[in-house]
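Shared between the two complexes below is chain A, which has chain B as its partner in the first and chain C in the second.
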Partner chain A sequence: MDISRRLFIKTTAVALATAAAGGSLTALTGCAAQGDSQGGASSSGGETTTYSAVCRFCGCGCGVLCEARDGRLISVTGDPDNQSNRGLNCVKGYYLAKILYGEDRLTTPLIRDDASTKGTPDGLREASWEEALDLVASKLRETWKADKTRLAFWGSGQQPITEGYLTAKFWKAGLLSNNIDPNARLCMASAVVGFMNVFQTDEPAGCYDDIDQADAFITWGANMAEAHPMLYSRLTARKLSGNVRHYDLGTIRTRTSASADKTLIFRPGTDLAITNCIANYLVSNKLYDEQFVNDHCQFKAGTENIGNAYEDDYDATEPGNTVDAVHGISFEEYAERLSAYTFEYTSELSGVPVADLQELAAVFAEPGTKIMSLWTMGVNQHNRGTWMNHNIYNIHLLSGKIAQPGNGPFSLTGQPSACGTAREVGTFSHRLPADLLVANAQHRRYTEAIWNLPDGYLDAIQKPGFHTVKIFREMSKGNMDFIWSAHNNWAQSMPNLTRFLGYSDEYRGIYDTFVVVNEVYPTITTEYADVVFPVAMWVEREGQFGNGERRTAVFEKAVDPPGDARWDVWVLLQVARRVLDGEAIDGQDAFNRLFGFVYDKEADDFVGDQREINRRIWEEYRVFSNPTMNERAAAINADTGGTFGATLKMEAKQLAPYDEYLKHHGLTWPVREVNGEWLPTRWRFADGPQEEGFDQYGVAQYGTAGKAAGLDFYKSTDHKPSVVFRPYEPPAEEPNEEYPFWFCTGRLLEHWHTGTMTRRVPELDRALPEALLNMNPEDCARLGIADGDMVRVTSHHGSFEIKASTAGRTEPPTGVTFAPFFAEETLVNLAVHDYYCPLSKEPDYKKTCVRIEKA
Partner chain B sequence: MGLHNVLPALAAGILGANVAWQAAQNTTELLRPPGAKTEDDFIARCIKCGRCIEACPYAVLRVADFSAGLAAGTPTFDARAHACRLCEDLPCIDACPTEALHPLATREDVRIGTAVINEELCIAFKGMRCEVCYRTCPLIDRAITIDYRPREGDAIHSVFAPVIIADACTGCGLCVERCVVSDPDVAIKIERSASAHAR
Partner chain C sequence: MKRRAALSATGIMACALALALVPACAAPTTAEENASTQNGAVNTEAMLGVEGTPPLQPADHANRAEYPASRCYGCHGAGSKANPQLPDATALPDDHYANGSVDSRTIEPAREQCITCHPVA
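Up next is the complex of A and B:
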């Protein structure tokens, strides 16, 4: 017989193991069927109700329909009526329902009694809401009374609009603190400062429909195929429709490069030179659109040689405190400054062949060709991120390819409500709602009018607060006493975690800071929390997102939150009620003055149901963009007294009544009331019929018809956007003998940000279970690293271990490496530096220098 | 009949029954380690020593159980549970003393089988942006590519259809392990009979 004893033992063991696996597998399948989001076959009775919603994840803003039965979400499918995705989703959206049902949902408030247990999964005990709220409120009030600079709220581009609005109102008007900033600082801040500097208004002139009409696409450091999946499907559909070109520019080859017609790989940071090279070509060969430039452009230069925020006091010192300064220059001076950026010089600097640069530049010189530039983190998370935003606008302004259907520089957003909440509401340390700035007196007066505050009340917050990196740098030094975060996971997503998480003896501040976290699942951040508030997730309450094309959409509440988890707004107001106890504004109870319109302090309850509360908050917020709704605000908007010497033109961001958004499944602002109908705008500043999506009423009210391309940039100073010359300056770190590699981080299709939701979806976890370091095979061979080997990545700032891969999902050139940041067990941000764009204060996650060794 | 005659007869009977049973077992779709050629060649050479199983750094390989008949004890793997990681140095082949696993010049020469997509089940063919199989493929853009197709009746979306390039597919099964679809079945599988060497 051929059956040896060894084999007999082996096969028996295997047979037993199989039986065991089969048994448990059956049990698992049973469990899964009950919670299955796609099958939708629930055996229990009850009515199925359908709710309209927006995807929880990226900035695309795909519409979805949620079906709930017996208090449980049984399916989430693409909304066929939503014009932006027409029933389709990416694989994350396909499994959306399951994000609610991870086994370890937080359902009870948690308190940490011993701060030394921070950084471990232990040390949190269950508590009542009363105890947790009292504790947080007392810590906040104590800090507030003692030293307002030592408290901060860190919000998010995933915070729904009404929640962000109310949080900003509490922080800015209630606490008179500007120490509130969102994670959008890590994501869109460079885009925002670019918009403000160039157009004096935030967010793009164009919209997603531009994709359907463009003749050429340029992706600038953007892996759209993975980070904006459904928009990339749209771009691809346009390409398939005919003779449409796609140039992909980046520092690594990605899945986006795979379908591009041409990929231009440049040395990190030299995109600044490439854009100037294109501008130089257009200007020096007189291939720019002269009529457009005469009608619409003014030219400027700004502070140069601005260095980097290596030191914590950078912002306050030269040149940090002069980085925003600009001055007018002539077109000839602009041309002169550009002249150094020849094809030869730029090619040598960037590594892109001269012929490729020439081919790309020539596209901008084609008169009839409609060009769409698309970019996101590669441009924004850049030590000159604001400058790079400028430079893209520069070439679109020079060529007149902007704000017209199919023609547009388009800044893609990373998060579902980076625009709607962080930017439009203004949850930044320097902002007030609707693009308004704390530093501007007219803006403060306008806000006081709408918040029913005495004139001058907000003068106390005219100085901007701490931006994100500043908050955490101060925390690490023991200079913060209270930090509250919601809708983010900063202990994984912040750069320089070695410092911020107190790994080194020098920076142990996190152990002394009282950390409060609103969360739905345990995260690395909750491991550092002193109090965790369990909150409602996504469609467990009603909310609103504003996506990258200025589209505001409501997601309806479909199910209740689990256990004792509560709506963030309730948590906020409970804390506000306690902290503001005994405080008065103009002789009236402060809480009632600010929040009486939604919350009855005496009854300790909301004044209506969740729909009504959202509607009321929205209707107050809407006054900011509808000044005629408030007499005092209207006078300041029109500058009737001549006090300010300028009108605010707040109607430029006009929002519609709340119920219009429910009716239309989302609208792009400005939304104009025409014969009782609220009509969206797709192309801002472009004259044309409102019914077709043009900005008819904006141009009529504030602009002049008949200028080049039918445009009037009526929000810009002198109605002319600024072409600002921004030179090439090198990255904050460059490879050297000790740290010879560039390390770039980013997002991949299967997981959303830090993976706290998507990794709890079994299908998505199966699809991408681990983070890998993509390396060039030549580098691997040189270092003796095989595909699949564990390696240690070390920077000047910190170090982590990760498995190397040469499989080619992303293909870095030699000397460049890439890894995603979704995996908490592979904490790449331990090594990433926190040097930021001096203008936007957004960190550069793409260019840390590292060494790589076999682990 | 003496006892000494009974035992061999019994043994022969058992053997005969086993051979008949084994013949009834179709093991040609069992996934074999890298380097295995046809099932006949592999069965003829494999001595069930288990060395390839011990050499596998990812513990992917296991022994075939009794349901494989006489092939029980030969090495195989379940791609859905643990796919072959296509180690650069192919340690399983190195460990094989009988060349049941034939030496290969590179891992790209591995031919365990060929991935086959069930287009009815695959959500990418429905217009969803998935393509997990494509992005996870160790030979991305070579063994699996994307065929970008217009989506019928929808001018603003396209279908990113994953397509297997049979000549390049090693049959490692990573696409099967990672596929998000499981109900009623995984949308991709490895067919050994369809692989290049079997044809």
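Up next is the complex of A and C:
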């Protein structure tokens, strides 16, 4: 696609020359940003009130303005004051209001009395809140008292920050259980482990503004046009500005390939080799940034030949147990390990022509060229996802193209608050809030200080709990008694559903597990629930999301939830109150100790309105990144007693008071107080004026000025990020005679994840009414499959039926197929394997081997 | 909890709604009607009150779906003397042009990808 300004002028000139006069301008009202953008709610005439909010779909985290009238949401438009999207929106965002008004909204608690009805739309009866809460609390308490390893909470990157924070506090401090994990394990875990291994801090150094300044874009297995549409709009806008290049790397051609100057299609899994090939080119030709490397990089290697999690006990095996091990190596040793990755070898392995590899590598060698790498699920959902994250950082660190405006490796986030909730408040099985780890004693002491717990109280949770795949594998074997999920539809989104949904006699555990689901609509997951809690959706309560560029933004409550649907926080605290009844912490009632700051147990009510409750939760959470607010925490942060031999530098993620986020329509952390104003940071670790978005105060507090590119990676060990050599190792499965095709699944523009909301919007449903299996025409011809034929896709794990298409959204090469996972009637995850990256435990949804037959 | 049954029962309403809301689009096909019943029933009355949603491209634009905005201008573009080029075509609104001016004859770069907001249905 040529989208140059020259072509635009040319095509429009032709059009004008032939145009017929006449016709009238018909406003496309949905396209314009509307309404005012005052901080907080505002009325704009009549009975309409405008609220600032954040889109509840993808990780772009677009700010939106919601207009409500007569208790109903009547419009959603882009928020020009939110700096993530500056008024831009995509079709899902514009239709947000309609997701609230599906006719089958859940409005009453539901209970299943007969577990044999699981897996059907039947068997749930209406119940009172009291009955449902009592039942759930009794089951949870019973399990908790009997065996804590047999309970779990599965949260979400779509859970607002304060809700996720409170849930983590209940689970980790209230129940002393680490069996809590978010669905972000399925999308961002590889990015998280990559960040922590390389930088010792999570989330990108750069921001979305880099898109507006980059000279070259590299998309690595990322279909931004469909999965991150607003950011793709910014990318294509930047391309129109002049001599900007775009290289799209992937295993299939997508709509994102349309804007690329060159699309490099590689054999699945060989992206590891391609990145090493680029690094080898830079190193062997001395085209890397020597000063940058000397000032900022340390070199490491790690455990190799780590195999795959084919068996349930993989994590405890020799390779599984040592996958995190790394050791220092010299630059020369690193160069030696890279040397095998010549252009010729890499081309042979990947199928990418040598000339294309050379062209791509040469871009990184251009000193003045600002490069932005963008990646998401193609890299993260990878049997070596963490390694691939490492390898992208490696080439940006070697070339010095990082943490500066227009220059940056940028991990795109999957969900609206995968960063804010799953990662930042610690809903992972191995984490505590603010990047802290359960396994680290100093981190536990710090958390105890803020949660007002006795020293050593959290030592009971120093061992990480079950990660997501482990939770569901154990459930399928009958080893879980209680699972509670919120803001996700795991019975459609998890891989290997044939096993997890009990389709085989070997794995029927789901029928014996007490399943609790917070939901807004009936889903496949509610069909397996023993209790369904109907909850408020999106702007039916106040919440906050943290997006992929570290921007935290509040969405205000604009309308009431329907019927008896309630706020998740109320549901959580009702269960917590019952479960913790009679429990004590340090002689004080446990519930009051943990939640008394927001909920009056005696009055059985919140201590304030939703705004106040959110503010109070936020202000407690904020102490994690503002240690001076808590004397005990401040001493641990500074390690004043010398107990730990290290400072925590918690200010590196500094957050502002709650009302600042309403005032500014979102702020990117760290947020610094300067002369009474709270100023965001756009480029972490980059010295420069805070007013312009640089990390002036972070570098001043913990770093040293004057190093290469004006950077100081002050959170990294010895202030040097790690360049870790990670080799190519093959995918967990490779095509063979029985299963000759690769199958890849993912998202498309119109539908969000499992489609439970977007498929209830008629326009979005009509735009993309069914999931199709995209196939290469040669493969179809060979198998005698015509467009529209129903085919059966079968893997070693399960099978599903779907309509084949050679004219779908993606264009796979021969031997590769793609279908989205939004359609419950297709349920592609019945066949997708659950083998995960051994480091991050994130499943590889992109490389299941299948056979395809006419149905 | 007869989810799928409930969905089918409201399929016709969903399609009627879609027609009412998207005047610029072609009528949905039978397949589309069926598809819209797969996952949920719509509260027609509530959804009709939602304003400001972008119209979808009609089905006969399927082969043009991935055109950049510059090519869409040929029919949907406007200037102060010609609005739009094809009389029956829906015109691009002012805010889709650089600086909000139709006479710029330049689409706002961030709106280059029409399908981001206007998929084909």
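Quick note on the criterion: the second predicted complex is superposed on the first by the 808 of 855 C-alpha atoms of A that agree within 3 Å, B and C clash if a C-alpha of one lies under 4 Å from a C-alpha of the other, contacts with A are read in each partner's own complex, and residues count from 1 in each chain.
In this section, a residue touches a chain if its C-beta (ideal position, glycine included) is under 8 Å from a C-beta of that chain, and two chains touch if they have at least 3 such contacts.
Everything numeric in this text was worked out from a predicted model, so none of it was measured.
Asker: Which partner chains sit in contact with A:D787 here, chain B, chain C, both or neither? Use first/second/both/neither.
Answerer: first
Asker: Where does A:N89 make contact in the superposed view: on chain B (first), on chain C (second), on both, or on neither?
Answerer: After superposition on chain A, A:N89 lies in contact with both partners, chain B and chain C.
Asker: Please name the chain, chain B or chain C, that touches the greater number of residues in chain A.
Answerer: C
Asker: Please indicate which partner A:E47 is in contact with in the superposed arrangement: first for chain B, second for chain C, both, or neither.
Answerer: neither
Asker: Once the structures are superposed on A, label A:D505 by its partner contacts, choosing first (chain B), second (chain C), both or neither.
Answerer: Neither chain B nor chain C is touched by A:D505.
Asker: Considering only the touch criterion stated at the top, classify A:E602 as touching first (chain B), second (chain C), both, or neither.
Answerer: It touches nothing on chain B or chain C.
Asker: Scan A:E631 for contacts with chain B and chain C and give back first, second, both or neither.
Answerer: neither
Asker: Let me test your reading of the model: by the given contact rule, A:G808 touches which partner, first (chain B), second (chain C), both or neither?
Answerer: The answer is first: A:G808 touches chain B but not chain C.
Asker: Between chain B and chain C, whom does A:P121 touch in the aligned arrangement: first, second, both, or neither?
Answerer: Only chain C is touched by A:P121; chain B is not.
Asker: I'd like to check the shared interface: which positions of chain A are touched by both chain B and chain C across the two complexes?
Answerer: Shared contact residues on chain A: 1, 3, 7, 11, 14-15, 18, 88-91, 94-95, 229-230, 232-234, 236-238, 240-241, 255, 258, 749-750, 763-764, 766-768.
Asker: Please output the residues of chain A touching chain B within their complex, sorted ascending.
Answerer: Its residues touching chain B are 1-4, 6-7, 10-11, 14-15, 18, 36, 38-39, 85-86, 88-91, 94-95, 211-212, 226, 229-230, 232-234, 236-241, 255, 258-259, 748-750, 763-764, 766-768, 786-788, 807-809.
Asker: Provide the residue numbers of chain B that touch chain A in the complex, in ascending order.
Answerer: Those in contact with chain A are residues 11, 14-15, 48, 50, 62-66, 70, 72-73, 85, 87-89, 123, 127-132, 135-141, 146, 148-151, 154-158, 160, 177-180, 182-183.
Asker: Over in the complex, which chain C residues touch chain A? Could you list them?
Answerer: Touch list, chain C to chain A: 1-7, 10, 14-15, 17-18, 21-22, 28, 31-32, 34-36, 38-44, 46-47, 49-56, 66, 68-71, 73-75, 77-79, 81-96, 105-113, 115-121.
Asker: Considering the complex alone, what residue numbers of chain A touch chain C?
Answerer: Where chain A meets chain C, its residues are 1, 3, 5, 7-9, 11-12, 14-16, 18-34, 67, 72-77, 88-91, 94-95, 97-98, 100-105, 110, 121-124, 225, 229-230, 232-234, 236-238, 240-241, 255, 258, 521-522, 526-527, 749-750, 755-756, 759-770, 823-825.
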